[in-house]
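Read from first to last, the chains carry the letters A, B, C and D; within each, the first residue is number 1.
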Amino acid sequence: MAKEKLRIGMVGYGFMGRTHSNAFSQAPKFFDLDREPVLTAIAARNTERAEEFASNWGYGSVESDWRALIDRDDIDLIDIAAPNNVHHEIAIAAAEAGKMVMCEKPLGRTAAESSEMVAAVEKAGVSNMVWYNYRRIPAVTHAKHLIDAGKLGRIFHYRAQFLQDWTIAEDLPQGGEALWRLDVDVAGSGVTGDLLAHCIDTAMWLNGGIDTVTAMTETFVKERPHNITGKVEPVGIDDASAFMARFGNGSLGLFEATRYARGHKALYTFEINGENASLAWDLHDLTRLSMFDHSDEGTERGWRSIHVTDGEHPYMGNWWVPGLHIGYAESFVHQAADFINGLDGTAAAPTFADAHQTDLVTDAVLKSGKTGQWENAS
Amino acid sequence: MAKEKLRIGMVGYGFMGRTHSNAFSQAPKFFDLDREPVLTAIAARNTERAEEFASNWGYGSVESDWRALIDRDDIDLIDIAAPNNVHHEIAIAAAEAGKMVMCEKPLGRTAAESSEMVAAVEKAGVSNMVWYNYRRIPAVTHAKHLIDAGKLGRIFHYRAQFLQDWTIAEDLPQGGEALWRLDVDVAGSGVTGDLLAHCIDTAMWLNGGIDTVTAMTETFVKERPHNITGKVEPVGIDDASAFMARFGNGSLGLFEATRYARGHKALYTFEINGENASLAWDLHDLTRLSMFDHSDEGTERGWRSIHVTDGEHPYMGNWWVPGLHIGYAESFVHQAADFINGLDGTAAAPTFADAHQTDLVTDAVLKSGKTGQWENAS
Amino acid sequence: MAKEKLRIGMVGYGFMGRTHSNAFSQAPKFFDLDREPVLTAIAARNTERAEEFASNWGYGSVESDWRALIDRDDIDLIDIAAPNNVHHEIAIAAAEAGKMVMCEKPLGRTAAESSEMVAAVEKAGVSNMVWYNYRRIPAVTHAKHLIDAGKLGRIFHYRAQFLQDWTIAEDLPQGGEALWRLDVDVAGSGVTGDLLAHCIDTAMWLNGGIDTVTAMTETFVKERPHNITGKVEPVGIDDASAFMARFGNGSLGLFEATRYARGHKALYTFEINGENASLAWDLHDLTRLSMFDHSDEGTERGWRSIHVTDGEHPYMGNWWVPGLHIGYAESFVHQAADFINGLDGTAAAPTFADAHQTDLVTDAVLKSGKTGQWENAS
Amino acid sequence: MAKEKLRIGMVGYGFMGRTHSNAFSQAPKFFDLDREPVLTAIAARNTERAEEFASNWGYGSVESDWRALIDRDDIDLIDIAAPNNVHHEIAIAAAEAGKMVMCEKPLGRTAAESSEMVAAVEKAGVSNMVWYNYRRIPAVTHAKHLIDAGKLGRIFHYRAQFLQDWTIAEDLPQGGEALWRLDVDVAGSGVTGDLLAHCIDTAMWLNGGIDTVTAMTETFVKERPHNITGKVEPVGIDDASAFMARFGNGSLGLFEATRYARGHKALYTFEINGENASLAWDLHDLTRLSMFDHSDEGTERGWRSIHVTDGEHPYMGNWWVPGLHIGYAESFVHQAADFINGLDGTAAAPTFADAHQTDLVTDAVLKSGKTGQWENAS
């Protein structure tokens, strides 16, 4: 018997448009899904490139305006893979049209934006999710299982960092298609919304809510040529952002993100220290979960490098055989699969409401970066 | 303008059937191909499972006999993803029918088998390739480029190992669908053909031909229940195999493979030591290439961990952004792409003729394991 | 010709008394010294244990009161290896008596204390030094050389942590001989003075002065039995302390220390990110310095693991042969050697004045931990 | 009450003379010894340098001939730290004079030599030991304890390597004081006796006797200037040596040593794979023991990095505090302590008889390197 279809309308064809399209393309080949995803249409202003993208990924048609996508009856889900500044408008319109909505992170440029987006999907009662993909790297999911099983005991510390080095060159322009992440009007913020948002999403998933934060933000390169205006203009984003946090469970948090850490490309790491055990993970060695278990025999204790590639590990039974790696893109495949299989039961997280909590923290970080005070984050 | 199609007939739907199907499915989405691969048909005796497989991967039809596949006019390429004992017959029949042939490794169970397969494809003049996929892990390909550029100077040492631990349990049966690798009649040999063949293929690609070898082979578990006969029967494969080698360039080789190295899943490693530089790689950390460059300033020398994820690194410009990993499966995607783009120009390696050289070495290893003598390997 | 002697009077026989005694014992065997250190006398209240210690290390005599040591004419140098609460009084008395003074870190329990200590040694014009030993781990010294040579360019980030896990058990007592580090009256503070002080000393040596800080401190276990009073008493020290900093050179700092990071024994790490290169080091792998050099050929860039064991590396020509490790204790040997060889020329650092700067930072950290504000640190 | 003295006569003042002298100097400061070692005298032909050495380490007197040392009544122990070619004569003379004998490894240049040395000490009934120091790196000793406790079960594999790169330069001379290891007359062999001997000693200690071997040896640089003759002469040593082995317990061994592995200084590694657990160690990270324990919960299994620095770990309770490293030299300190504390009870190993077994293996390796056959090794 044929499965019910999930007809997808994609907005955007950039880096994230590719990861999402690949996710929906691969998911049914490796996972048993409740519905069959169909890449129905894509919307983008540059229709020439959109046509090429559609042809590559098998989208049935192309729209030059996302509003046309929302108007179509043959679309069930709007997936927003466009820059941050259009998330708000598109998501609300889609929800109001009764479409399910998936949105690339961060949900809003501000918590005010995402608050309205949450209200819209909840009012419409439509399924919704935000692409915080790192939850579904199998080693990260495994960490969640171990924590939920009570392996760690009382938590003392959580620390995370996301280090990159791609904007050190002073002549790198801001704005334009490839570099909109440097344009504060489009991106909303710099590394706080782009990188720390990932760290915060994972942190609150693993360790619960964050109460208060104090932050330090910096823009190392104060002016850059703007691709659109053609002029050298002040840089509005934060190049680096660090904050200290107090979690609701009494543990302490330390977070840092930067695009000025020479030698690191996408070094997202976290570590959580509990009374009985600690866990650590690193995106540059993504198949490994490090665990120190204090309940091991005294002289035999040590950090274990758990190679999360066995059939019993999260998601891995659906891929190859033990020892063989999957990569970054598969985390999106897992998310697509979980979203689809949560449609008729327990909704997969993070929902818009979950992601709004992250925006509350990033807002507090940006505010504290200016006030120098501890700020409420929830 | 529509591209010429490359219509594929797949034989087998097991682990390798999946990796090959995924390769042809993903290749056109990430690489600019000269022809468009089409998953036309699959042949397998178990048609129920074959139907399921065909549906999952989009094959247009199913045949219960690979001969029917070869007879079809709408098939350009026969891809053999079936167990080793049928490689010989299928490949020769396919070549004689004028089909291109791709074959999972090892090419033959013996060099005698592969010798006839080489003769068949060469007589027919059909394109051919063997799926030694590890050449196309980007870090391995990068190693090849550095060696070819003369970075290492005179070579002194090459060492490789492929360590697994999945057959330690004595009650694991031999034979049958999942475990044919333990049945010597089907597999031809144990770890020598399954694992060392990979090490040898890479070694000869990077460091040239092997002249002589002396080997040590062992079967730790002497009897196992047989899935097909239902009886406990002697185990005919080698559980472990190690050999020392002399390469044509005067360097020394040391190779080892086993399925009894507790703690290792698929630890394929190699290291090559040259006068001026050394390189090392490890499948469990596949995105990294380690390099020691003696020409670095004396007090600043050290093994570099090259994170092979930049756009300038082999194949990586077609995937995501720097720092984000691809996995095992992508090596097959690269091979599919290279095969297709080599059809109208320089044929991509390893061809059947190349893979036959590997079979000559594995034959010599197995022979030496019995004679205790140094044996010629070419 | 016999060398001039440097007659040492040691105060304390604990962990630090051993490292200092070993340093003066080993230094002349491995380094060419301007003067010959002589372990002349040791002072401690527990004379029985002091006698045993003196016998073990070859001290000529024992005093029950450090004042007696200072009164002796046959002592040139007072080395303070006693708990923090007596540093101030002993150092000032020693200086006033015209003795050279070496003092275990931190110099004072507060910057107010150390300010007076600096004044005393400067007024007396006596040689002085504080045992921030980690500067003289060869890999750390090598980092200093590379930074001073301009290898890194403009600095963006400095981060350091010192993670331990030895006080997690709630029944661990505070105070008494072995555990005075948990008694705030004796120690002055918890991890801030004990661990962060090391991180700060290295940081300012490598990256210059710190202008301002904002901190988060926590005492996880609020009450502990007191070894001296025999009662359960409030814990006055900080169990964990983290702070963000702005350096004078415009770079950002992130520092953390704790004794509640399960799985880490003495994980002191630092990393510094510059425009052209980055460096990282780790006490648990102390012979290695990691360096990323952006000036390396693009596709060959990677973090280098410099094995700091060659004869050309700092201090290493005096030990064994390349590849063979020294350990923690040798950093004290180097410091003893440098102190002695700086007596007649350029004084070796860190002097009391240098260490006072560290106390200013730790004071600011502790203050900010209470106020929640950014505080001046110099 | 004063302890009985152990009066030491040292032969040689080179690299090993330093490590042995340091061992006897440090041992009583860190270990509770049954006797008090006294550095009584040193013998060496170059008396000027010997005087300097004696002064540095506190030897009471100097002899220009080792025979004079043996003749002295105030010497209890002759410690041979001289080149390999004099081990045989000195050891036998010392034993015949009733002296205890310690000897740097390898015991003889050949098993024939060491056989006579064993006979001499056994006939004389004198305590004896060979300085295979790596047994007493705490992580290695810990491995021995875990194996003896039955942690690993049936053993399948043992592999070891000792990789260096210091003789790659073709203009490096052979012979003379610093480079006698390249002179076959003095050294007996190249890397087989110098490096593989270490690997073999540890291997047989951990995994029992070796029955048979087949080897491959090579001299990459065939001629070198000779420091003594002043002429370019053929090189008689093996630059590289690898062998495969069958242990008495049925496990397979793989060994390799070379001085032509660019990038490695003293990379001695071993790994042992058992049915239930595996262990691995590496001299370049000497404080760690890696263990994979298959009895761990399935999804939580992983290689543990045991940081062998706790008070409960072998020898470590006598040094500093958890997390702080000792180095290479301390392994000699441990051996000196164990030798002394075994004098009146169970003799510490390896004795001359134990070390002779290693010489039997190295002889078989060198022989097989020529014959190309499997050779008996015991």
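As a convention for this text, a contact is a pair of C-beta atoms (placed from the backbone, for glycine too) under 8 Å apart; a residue touches a chain by one contact, two chains touch by 3 or more.
Since the model is a prediction, treat every value here as computed from it, not as a measurement.
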**Study point:** Both-way neighbours, i.e. chains that touch subunit D and touch subunit C
**Key:** A, B
Exercise for review: By the contact definition above, name the pair with the higher C-beta contact count: A-B or B-C.
Suggested key: A-B
Review point. In angstrom, rounded to a whole number, how far apart do the mean CA points of subunit A and subunit C lie?
Key: 42
Review point. Whole-Å distance, subunit B centre to subunit C centre, using C-alpha means?
Key: 55
Study note, to complete from the structure: Taking each chain's centre as the mean of its CA atoms, subunit A sits from subunit B at a distance in Å of 36
Check your understanding: What positions in subunit B touch 2 or more of the other chains?
Key -> 264, 301, 303, 307, 310
Exercise for review: Would you pull the subunit A residues touching subunit B in the complex into a rising list?
Suggested key: 15, 19, 22, 25, 28-29, 56-57, 164, 166, 264-267, 283-287, 307, 309-310, 319-330
Check your understanding: What residues on subunit B touch subunit C, complex-wise?
Key -> 142, 146, 288-291, 293, 296, 298-307, 310, 312-313
Revision key, fill the gap. Within their complex, subunit B touches subunit D through residues 156-157, 159, 165, 168, 214-216, 218, 220, 240, 242-244, 246, 252, 254, 256, 258, 260-264, 271, 273-278, 292, 294, 301, 303, 372-374
